[in-house]
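Same chain, two partners: subunit A is paired with subunit B first, then with subunit C.
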Partner chain A sequence: MRRFELAEPQTLEEACALLNDDGDAKALAGGTALLTLIKHGIFIPKTLVNLKKIGGMSGIDYDRQRGLRIGALTSIYDVESSPLVCQYYPWLAEACHLVANIRIRNMATIGGNLAHGDYQSDPPTALVALDASVDLTRGTGTRQIKLSEFLLGSYETALQPGELLSALVVPPPDSWRGTYIKFTTGSSEERPCAGIAALLRMEQGICRDLRLVVGAVSPRPVRMHHAEEFARGKEISEAVLQTIGAEASRVVDPIDDLRGSASYKRQLVGVLVRRALAAVIH
Partner chain B sequence: MKINISTTLNDRTLEVSVYPNQTLLEFLRDDLCLKGSVEGCGVGVCGSCTVLVDNRPVSSCLMLATDAAGKRITTIEGLGRNGALDPVQEAFLKHQAFQCGYCTPGMIMAVKGLLLNNPHPTESQARDYLSGNLCRCGTYVEVLAAVQELAGR
Partner chain C sequence: MALVGRDVTMVGGLAKVTGAVNYAPDLQFPRMLYAKALRSPYPHANILRIDTAKAEKLPGVVAVITQDDLHGLNPYFGPVVDDQPVVATERVRHVGEVVALVAGESREIAEEAVGLIEIDYEELPAVFDILEAIKPDAPVLHAQRKETTAGVHREEFNFQVGGNVCSVYHVEDGDIKKGFLEADEIIENTYTLPPVQHGHIEPHAATAYWEPSGKLVLHTATQNPSGIQEQLAQIFKLPENQVRVIVPLVGGGYGGKTHARLEPALALLARKARRPVQWVLTRDEVFLTGRRYGALVKIKTGFKRDGRILARQVEAFYEIGAYALNGPVNAKTGCYVSSGPYNIPNRSLTTYSVYTNLPPTGPFRGVGVSHVCWAYESEMDDIARRLNVDPVELRLKHLVRERDIFVTGEELISVGVTDCLCRTAEAIGWKGKEEQAVPPEKKNLLRGKGLAVAIKSTTTPTTSSASVRLNADGSAVLLTSSVEIGQGLLTSMAQIVGEELGLPFERVTVSSPDTDVTPYDKSTSSSRTTFHMGQAAQQAARDVKNQLLDVAAKKLEARIEDLELRDGSVSVRGVPDKKMSIAEIFRTRFGSTVGSMFGGYCFKTAGGLDPETGKGKAAAFWFFSACGAEVEVDVETGKVRVLKAVTAADAGHAIHPKQCGLQNEGSLLSGMGSALFEEMVYDNGQPINSNFLEYMLPSLEDHPQEFQSILVETPHPDGPFGAKGVGEAALPPVAPAIGNAIANALGGVRIRDLPIKPDKLVAALQAEKENR
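On to the complex of A and B.
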C-alpha cells in the first residue's frame, strides 16, 4: 500500500490535537472504507491518525429514559449482536447485519461508518429514522448534533477540523415498531441500491405516527415528511400504502450510480416503501 | 519508521516491527512467509485473506499490521495440531469442498469463525455467515455440506 505516516494516540484529547494541528491528517478507525480508498488511489494521505489504540471508546449502554449510547469504536457486528439493540431496536440490528460481510462488520466501526459519510450504507438510514444524534468532541468540549444534520452529502459531514465523532446516541424506542429493507442490485454483500427505514406507531388500527426514511438513492438519507404527515390518523389500507409509496417516489431526488440509474431508483423507492410499511403492519 | 508490536500468532507470542502502511496480510506473507492466507480482491469482498482476530474472521488485506498489537491472530497455518488436521479441514476433504483451492484457506477460516461463534448453525445461518466468502469454482454446496456435518445436523 502507498506510504503514509501513522500516528497512534492513546487518548481522545491527543487524537483531536493531532487532527487539529495537521489539517491534512485523517482519522482512521476500522479502516475498511478508508484503506480501500487509499488502495484505489482515490485518497492519498500524508498522515493517518489511528484511533484504535484509544481506550474506552467502544461499548453499548441502554437506559429507559436516555435510550442507547454506543461508543464510536464499537464494531458494526457488536451493534447487531448486542442483546440490548436486538431487544429494543431490532430494525437497527437488522440494518447493521445487512452491511457488507461478517469480516467487514467485525472490523468496521459504527462511528467510522457515520463519519465516513458514504450514502451507500445501511446504518445511517435506520439511525436517521430513529432520530439519533452524534457526539462530536474536540477533546476538551463536546457538542451533540442530530445525525440528520451531521450527514450533509456524499462524503460530507458537519465534522470540523480537529473534531472526532465519539459516540452515537439513540432516543428510547418508545412504542415504535419498525423495519429496515435493503435492496441490492448485485450480490447479497453489495452496498444498497436503496434502503428504506420505516417506523410506525399504531393505535387500534390507526397510524398515530410514522417515520419514513429513504437512504442510498441520494447523497444523504432523506425523511419523507409529507408521506409521514399524510399517514397520521389514517388506517394503513392498501390505498394509503399506494399513496405513500407514490409520494416517496415523487419526492426523492435519486442520483445515477453503479447500483442503478436515477429513474430505476425512483421506481424502486415506491415499491420498497410499500413493502416496508406492509412488513411493519403484518 | 517501523512500529514495534507484541502479538500472539497461532498461539505463539511475537515481538515484531511492522511498517505503518503494511497490512496484516503483507506482514504474514512477506515477513513471516506464511503463504496460506492469499490476496484475492484486496478490498474485503472475496474473503481469500480471512484470518481470525480474537476468534472473529476479518479481512487481513484491510487490517493494518500494527492493529495486531495485543490481539490473538489465527491463520490457516495455526489450525492443525501435532500433524493432525483440524476437524474443519477434515470435513472439507471428506466433502471435497474445494476445486482450485484458492479460496479454501479463507473459506476454512470463515467456517472456523462461524463454528466458534455458533457451534450448531442451521443451513441458513451458515449461508448468511459465509455469504462474503466467494468461491469462483462454485463449491458452495460442498462447503455447506461440510459445515452441516460439523454442526452435527
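On to the complex of A and C.
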C-alpha cells in the first residue's frame, strides 16, 4: 500500500472541511471496503480522513413516533445485535447479520456501508424497503434525503464533495411483517448475487400494503412498484405469488458479474421474490 | 505402543492460536530493506526498453534489479525445465511477470519507486485456451527449452519441441482397439476444471542476505528447503554449503510453496543492496504467482452389458501457464492413474502439459490426480446408470486389490481402497441401486448421495535423511529438513522418534529446517513426509538406540536381544534390577554425563518409470481414498448444499489419528470449494478475481452439518510402523462425489465443467426439460 497522510479530526465540521479542501481525500470509517480498493490501486489517496475519532456518531435510538436513528459509525454487528433493532426491525437485523462474517461486521460501519454505494450488499436493500433516510452533513448544516434517492448506482451516491453521511433514520415499523433473503452463488460469506426485502401489511388475509425491493442484481436496490400495486387489496394466493414473482423478474434490469449472468439473475429474482413473500405470509 | 497411534497434544498449536508464532513475514533483521516488484501488465510482450534511473534516484531506494543484473549467473531455473528467468529477459509471458525488483527502506518507498520505472513493451499475440495453445499456428511461448540439471528425474519425461506442448506422457495396457470393438456400449465425454487457488493464509514471503564471506542466507516460507538450496546454488554458481536456507513455521502450502518463487530474484537483489531484503507478496500477487492447473480431460469407456469394463481411453490436457514448473510431473502423475484404481484390461492413457500465457501454476494438493479423478469417477456413475446397476457394485467389480498389477506394470501393495469405499458407503447411508432412481417431480429441494474413489502415487524415487541427537539427560531432537506447514509433523515425527527411543513425548523435539544443520530432504510435498521422513527418523533413532544398547550390553553383561529401552533407561528383560539410565550410559561411554549421541539415516526409495513405455515403478506407496457426499439441490435456483460428507483414506497405520482426520476434513473443504464455486477468472490473461473478496473459499457456514473422517489402516511394509501419507489422499474424490450426488438428486443430469455453479445447473435443468 502506498504512503498516505492520516488526518484525525475530532469533530464533524473539521472532517467535512478536510474533505472539502482536498477533493482526493477519502473518508475512512471501518475500512473494510476502502482499504481493499486502495490495496488494489483503484484509489491511491494522498489523504485519508479517519472518522473514528469523532464523538457522538455511533449509537442507536428508537422513538415510537420518529422511529429508529442509527449513528453512521455504528458497526454492522452493533446494528444486528441491538435489542431495539431486533425487536422492531427484525428484517434489518437479519440483513445486517448476513453481511460477510463476524470479523467484517465488527469493523464495518452502517454509514460506511451505505456511503460506499456497493450494490452487492445486504443492508441497503432492507433499508430501502423500510423507506429509510440518511442525514448528510457539511458540518454546519444537515440535509436529509431518502436512501432510495441517495443510492444512485454502482459506487455512486448523492454525497457532494465535503459532505458526510452522519446518521440513518428509519420510520416506525407500524404493522409491517417482513423478511430479507440473501442469496449467494458461492461461499456463504460472499456478497449477495441477489437480495430480496419484502414487507407486508395484511388484514384478514388481504394484502393492505406491500414493499418489495430487489437488491444486488442491478446497480442499486430497486423497488418493485408495479408488483406492490398489484398485490394491494388481494388475497396472496399461490397464483398471486407467481404473478408478483414473474413481474419482478420482468421489471429488473440485471447486470452480469462474477456472481451470476444477467439472465440467471432475472430468473432467480422471480423465484426469490415468490419465496420471500411466501415466507412472510407463513 | 506408547506414542504411535495416539492423539497426543499437537506441538505448537497453542502458539498458533494465540498469535505467538513468528512466520516468515514477521521476521525482522537489522538494516532490513523491503522489496517490491514491477510486474508485466501484458500477457505476452517484448521488452524494448527499461529505464530505472528515476526509481534509483528516489530517496530511500537502495537497489533495483532488472535483466541487466543477470551477468555471470545461470539466469534460468525451474524444477523440470530451466525456463523461468530470475527476472524477465527480453520478453514477458504472463501478466504479473516480474520485470524489475526494487529494494527500499520501507515498503511504501519501494512501491513508489516501482511506479517510477519506465518500460516500453511491444505486445505480442497471446494464447490462453488449452486447445487454442496446441494448434499449429498458436503463438509459441518457448521456442527453445533446456531441461534442468537440478531436482526431479528428468529422464522420465517426453519433452516436446516447437509448439506449446511441453511434455507428453503415455502408458497403455492390452489392446485398446480390440477392447472397444468387443464392447457392447461406449460412452465418451469431456470434463474440464478451471484454475483454482491454493488458499494458504500466509502469502509467499522470504528474507535474503549475504554474509561477508559470500554465503547466501535465506529465511523463506518454503515447503522445500533442500530444493531451494540446490536451485540457488545452481543460479549463483555456488557450492551448496554456501547457500543456507532456514525455514520458520509455514502458514500453509498445499503445493504453492514447493518450488522456488521469490528466492532467486530476492537473493540477487540482496546481493546488489548489500543488506537484508524482505519480500512479502500481497494477496493479488499470490494469485499471479501460483495456482492449480486448468485441465481438459477426454475420457472414453467401452463396457459389456454384463457390467464388465473392457476398455478405457483417456486424453488429458493440463494447462500449465507460462512456465513449466512441475507441469510435466503433474501430467505424468495424472496419466497413469487416469483410468482410476480399476482393473481394466485395455487402456490407452495420454496426458499433455501445455504452455499458455496465463500466470504460472505449480503443484497443488492432489497434483494431476484431481483432474482425471473428476472425469473417471463421474464416468463410473454414468456407466452404472446406463447399466442400471449399483455404482458401488460396479466399482467393487473392478477395484484393484492387494498384489494386483497396475497399468505401470508394478505390483500394488497396501491397497485399502475397497475398505475405503465400503466404509464410506456405509457411513453415508448408501442404499444401493435406488440411489440413482429418478426423483419424483414437482419438488424444489431434491436430495442425492454420491460416492467416488481415488488412487494416487507419491513421487518416486526420492531421498529423505534425518539425524537424531540424544542428550545425556535423556532428551532428544530430530534434525530434519521437512517443513511444518500446518500438517503436524512436529508432533508426528516426535511420536515416531519417542516411540523408537522409549522416551516420553515431551522429551523429543523436532527442529526447523536449516540446511547448515539439517540433512537433505526431497521436499515436504507429495504427502511423503510421514512415510519417507518418518522412516528416516525411525531409523536414525534406531541408530542411537543401538549405540545405547551396545554400551549397556557390555556394562550389564547381557545380550543386546535381551535388553529393552523404555522410559529413559535400558534394562534386561525380566531382571528389573539390571538397568542403566541414559545418563549412566553416557558416563560409561564418554566418561561424563555431557555430550551428544548422534544417529543418522538416509532413506531412499527405488523406482521410476520408462518414459517410452510408461512402465516401471511409479510409487514407493500408493494413496487410496474415498469420498461420500449427500447434497440438497434447489432446482429453482441451482444452489447446492452439502448436507453430509465422509472422506476416507488408507493411512497405513495412523501415527496421529486426529491429525489424519483433520487432513481428511481439509481435503473435503478444499474439494468442496473447487467442486461448487472456486474458479480463477481471467480477462485477456489478467486475473479479475484475485482477492479473497471476489474469490472466496468455503466458509464455516458452508461446512456440512455432518462430517465423518474414516481412516482405513492397511500397513505398508516400508512405512514407519506401517504408516503412509494422507495429506492429499482424500481430495481428488471430493468433487466427483459431489458431482455424482448432484446427478443422483437430479435423475442423471450432470455438469461436466467445474465448478458446478448455480447458473450452470439451472441451465442444464432447463435444457433437460426441453429435450424431454
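In this text, the second predicted complex is superposed on the first by the 282 of 282 C-alpha atoms of A that agree within 3 Å, B and C clash if a C-alpha of one lies under 4 Å from a C-alpha of the other, contacts with A are read in each partner's own complex, and residues count from 1 in each chain.
The rule is simple: a contact is a pair of C-beta atoms (placed from the backbone, for glycine too) under 8 Å apart; a residue touches a chain by one contact, two chains touch by 3 or more.
Owing to the predicted nature of the structure, the values given are computational and were not obtained by experimental measurement.
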Joint occupancy of subunit A by subunit B and subunit C, clash or fit: clash
Contacts of A:149 with subunit B and subunit C, given as first, second, both or neither: neither
Which of subunit B and subunit C A:174 touches, first, second, both or neither: neither
Partner chain in contact with A:258 - subunit B first, subunit C second, else both or neither: second
Partner chain(s) touched by A:8 [first = subunit B, second = subunit C, both, neither]: first
Touching partner for A:21 - first (subunit B), second (subunit C), both, neither: neither
Touching partner for A:267 - first (subunit B), second (subunit C), both, neither: second
Touching partner for A:53 - first (subunit B), second (subunit C), both, neither: first
Subunit B versus subunit C as contact partner of A:35, first or second or both or neither: first
Touched partner set for A:101, first subunit B, second subunit C, both or neither: both
Subunit B/subunit C common contact set on subunit A: 1-3, 36, 39-40, 101, 187-189
Residue ranges of subunit C touching subunit A (in the complex, touch as defined): 107-108, 111-112, 282, 284, 636-639, 673, 676-678, 681, 688-689, 691, 693-694, 696-699, 701-702, 757-759, 762-763
Residues on subunit A engaged by subunit B in the complex (per definition of touch): 1-6, 8, 28, 31-32, 35-36, 39-40, 48, 50, 52-53, 77, 100-104, 106-107, 187-189
In the complex, subunit A residues that touch subunit C: 1-3, 36, 39-40, 101, 183, 185-191, 193, 258, 260-261, 264, 267-268, 271-272
Subunit A-facing residues of subunit B, complex: 3, 20-23, 26, 42-45, 47, 50, 53, 56-59, 62-64, 66-67, 69, 110, 113, 129, 131-133
